[in-house]
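You will see two complexes here that share chain A, one where it goes with chain B and one where it goes with chain C.
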Partner chain A sequence: MTGISFDSVSKFYGEVVGLNDVTFSIPKGITGLVGSNGAGKTTTLKMCVALLKPDLGTVTVNDEPIWGNLGYLSRIGYATEKDKLYNWMTGEEFLDWNGKFYQMEPKELETRKMEILELMNLREAKDRRIAGYSRGMRQRIKIGQALLNNPDIIFVDEPMSGTDPLGRYTIAETFRRLQKEEGKSIILSSHVLHELERLSSWVLVLENGKLVAEGTIHGIRLALSDIPQHLVISSPNISQLVSFIVSEVDELKRVDENKIEVAVRKRRNFEKMLLDLQQEKSIEITEFYSVDGDLSSIYQLLKKRDSASWRYIA
Partner chain B sequence: MITFSEFKENFRRTRPVYSLSVKAKTVNKTTLFLLLGMLLPYLVQLIIYFYGIYDNRWGFLQIERRDLTGGNFYKRMMKVQFNAAFPYFYTMAALILGTNMYRDEINEDTISYIMTKPLPRDYIFIQKYLAYLRMALAVTMPALTVSFWTAVLASFIFDAEFDYAGKGDTLMSYLLISTYNWLIFVVGLFILVSTLGIVFVTTGMLLRRPLLANLFIGFGILIEQILIDLIDNRIEPLYLSINFIVRMLIGYDDAFPGFLVKREIYNFNEVATLINTILILIIGILFGMKRAKQKEFW
Partner chain C sequence: MSVYESRYRPLREEKVERAFMDNAKIMTRFEIGKSISGKWSKIPLIFAAFFLFIALTSLPALLILPEDDFVTNLEFFSSFFLTPREGPGSLIWLHVAIINSGLIATDLGDNTFNLYLTKMKLKTYFISKVIASIVLTFLGLPLVAFAYFIVAIYKRGLPIFPFNWNLIGQYFVILSKLVLFTIFIVFLYSSVILLFSAYTKKSINAGVLFIVYLIASSVIFDGILYDTTGFEPFRLLSPLTSMYIVFTNFFTREVISTGQFPTLEKESPDLVPYAVGMVILYALLSLFLTYKRLQFLRRD
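Take a look at the complex of A and B:
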């Protein structure tokens, strides 16, 4: 675990509830924060980086409060969601200035700065004023400053915002590499769910200030057992297969000659049944996938729910 | 209790906040506007001097014809200091710079680059205040210096009578006494911007919309007078505004009828002023540092 824990945390902005009695811990790896506007994603991130304090409950790192914890702040990096930078600085000056706060030796800072510029594909633009950067470049320099102190934990609010496909690829690859090769923990909040799905090993789903689901994407979908999952199966022996499974599914729809779509509530049991059929009855299955098992579909399913009455932990 | 070495270390660590804030304000257009704006009362005074607009065409301003020949002109330059620059212009510069020292960064969310770094926030407040002080003096000092030394040197050249210029047979004695008088003005300016500034910087940090509060703090007496005049309906509001703005610009003694009576408040005792200043500064800095540690950034 990263050691970051939220314990019964609530945050109020006047009469608006930012977070409502939220409890969770952030695991190592890449964690995605999912939710619509006003769900509490940015509030959560801002509490993690000591920009906000909880009104109720505690936010701790290794059982110590995050607020005022300078030791903790020296080993994190944060990139805000807003496209705001010191426009009068050059990219290099911006990194230089950020580095001054981390007690880095000039040589170390210089090396690190060049690494970041290389990593973020900004080396050629380092002497240009940030005001002249494209939206994607601004996003990359913003993320770059969050990596400057070689942090253990990196928080990035909307990392893909305003980036072109190449920029998205650069950022996504950087996160993936930092996690895999250097063991960093990265906490991302994003509206681009398919990117988040590709990156995150763990997701926290927030809705109206409440944590409505947490876990792996697959795990959350399995936990939604009361909502049938839609699976597509292809087989040359489709008629034979249908005769065996028809009593076990909620819905069955023929897609084409050799392909059907079924709705099942207990996916694990169903998968086991298919495996048995393959082995015992020699029914060949050429294709098998879920049509609503991705993060986007799961999120849509969760959104339809009354968030006050349930929470999925998987 | 914090030790001196801890204080020094924290101060050193947060020093880049100071340099960043100074640089950010230096490249800001508002600062340039303020720097030039501080010279406005003197420029207006020069125009009046050279074009002699105290005639009947400007009668609606209710400004009487004045003798501006010889030393009278330089005396008026100093009146501009007391009647326009210090109470209105320098206060306005302090208000804008102080209020925006935190507020600009909070509104832009660039504050998060500073606040998520491992820095003690009470020292960030000190650095922000020092940056304000430097910029406030940088903006107001040129106008004060230019107006004072123009008057001093001109009175020397034209042998005109000028209270604040030195009196002596040699150029050196003349310059020394003039410099002493100039330093008194500089101390006055420092007292003004430092005491007002600690309030403006703190409110800029704590309040979401600090400008209105700071306008009342900076121009409370003036606003009170405007309100009283409006309530009494002594003068039409539009006429009152035009009349007031022009009179204020040229540092006219009675920019407001009745305002001079209130200005008794400015009759000060030097020692009491110094003690007040130090007290306000200490209380302001301690309060600001304490609140800065608890301040959240939305």
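Take a look at the complex of A and C:
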């Protein structure tokens, strides 16, 4: 774990509930925060970086409170959602200025700055004013400043917002490299669910200030056992296959001559049954995939539920 | 082993203290540099230099005056730059409105406020802004007042050879008055402008609000309410009038040898302690409200 834990945390903005009695721990790796506008993603991130204090409950790191913990703050990086920065500064000046707050030696800061410009693919643009940067470049310089102190944990709010495909690729690759090669933990919030799905090893799904699901994407979908999962199966022996599985599925429809779509509640049992059929009855299966197992579909399923009455942990 | 546990090294207490102080110093220096190098910041600085130049050109006439007249005129001309309302007063507002107005507003406009708060405590941020505001306010006419005072006594000849205790004492009194009133005026202006700066994302709005507030409160409380009712405490509700009351009672301004300037009467002498209290209250209230506003903005 990253050591960051939320214990029965609530946050109120007047009469509006920002977070409602949430409890979770953030694991190491890349964690995605998923939720619609006002779900509590930014509130969660702000609490993680000690910008907000919970009204109820505690946010701790290794059992120490985060609030006012300068030791902790010196080892995290944070990139805000908004990308308007000091436009009159050049990219290099912006990094230089932010680096001054970490009590780094000038030589160390210089080296680190160049590493980050290289990492964020901004070396060529380092002497240009931020005002002249594209949206993607602004995102990258903003993320770059969050890496100056070589943090152990990096919090990034909407990193893909407004970026072009190349910018998204650069940012996604940077996060992957930081996690794989340097063992950093990264906590991202994003509306771009397919990017988040590709990056995150763990997701926290928030809705109306409540944590409605946490786990791996596959795990959350499996935990949604009361909602049938839609699976597509292709087989040259499709009629034979249907005769075996028809009693085990909630729905079955033929997609084409050799392909069917089924709805099942207990996917693990169903997968085991298919495996048995392959081995014992020699039924060949050429294609097998879930049509609603991606993060976007899961999120849509979760949104339809009454978030007050359930929570999925997988 | 978890990533965090393997790398987490709490800062030692003294290093945390150092970080607090270092960041405050870095931030203050940055703000002063940024504010002075702003597009419009040169204007009040040029005006201040111009004022000093004009004052210095009239200095030779003062230098030939008898000792007592010289001292009186020295106090008059040095304190002239600190006049809260008439003459140079408007230049002080302009200076503060232009140079100090972006201290918090630009951070809000550029979305760097939250970025700073992940690198330092809110207290560090706040203290840096207050110090920067005080220094920037001082760099205008208050600095000119001190410059004039020093140049005048230097040109007149330092009363050291031989020692003239009486003259040294008189200089000391004037200097003390200048220091005290400078603290007074700088404290008020630098606090009030911070409050307005914390309520907008554009420095120009903060500057305009600052000037409108000073003038409007003076017109409403001193010009309208006091004039129509004759009830003196109304005057205290205007920070400018409160400062003016203190100013006219604090500095000796009756004897003007050159005859070019009208003698200023002491305004409402009975109200002086209250005026001092009100100015301090305005400044402290502004600082308190600014801090509260920053706390609120952090949640935004």
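Following the convention adopted for this analysis, the second predicted complex is superposed on the first by the 314 of 314 C-alpha atoms of A that agree within 3 Å, B and C clash if a C-alpha of one lies under 4 Å from a C-alpha of the other, contacts with A are read in each partner's own complex, and residues count from 1 in each chain.
To be clear about the criterion, a contact is a pair of C-beta atoms (placed from the backbone, for glycine too) under 8 Å apart; a residue touches a chain by one contact, two chains touch by 3 or more.
All figures in this text were calculated on a predicted structure; none of them were measured in a lab.
Applying the stated clash criterion after superposition on chain A shows that chain B and chain C collide.
Of the two partner chains placed around the shared chain by superposition, chain B and chain C are both touched by A:Tyr102. By the touch criterion stated above, A:Lys184 is placed in contact with chain C alone, chain B being left untouched. Taking chain A as the reference chain, the count of touched residues is higher for C when chain B and chain C are set side by side.
In the overlay built on the shared chain, the residue A:Asn62 is in contact with chain C alone; chain B does not reach it. With both structures placed on the common chain, the touch criterion links A:Phe288 to neither chain B nor chain C. Legend: residue contacts after superposition of the two complexes on their common chain; A:Tyr169 is shown touching neither chain B nor chain C. After superposing the two complexes on chain A, the stretch of chain C that clashes with chain B is 257-265, out of 5-13, 167-175 or 257-265.
Common to the chain B and chain C contact sets on chain A are residues 13, 46, 49-52, 68, 70-71, 73-74, 76, 78, 80, 82, 84-86, 97-98, 100-103, 145.
Contact residues on chain C toward chain A in their complex (touch as defined above): 2-5, 7-11, 15-16, 18-20, 22-23, 26, 30, 109-112, 114-121, 298-299.
Contact residues of chain B toward chain A in the complex are 13, 16, 20, 23-24, 27, 108-110, 112-121, 293, 296-298.
Considering their complex, residues 1-4, 13, 28, 46, 49-52, 61-62, 64, 68, 70-76, 78, 80, 82-87, 97-98, 100-103, 145, 152-153, 183-185 of chain A touch chain C. Interface of chain A with chain B (complex): residues 13, 46, 49-53, 68, 70-71, 73-74, 76, 78, 80, 82, 84-86, 88, 97-98, 100-103, 145.
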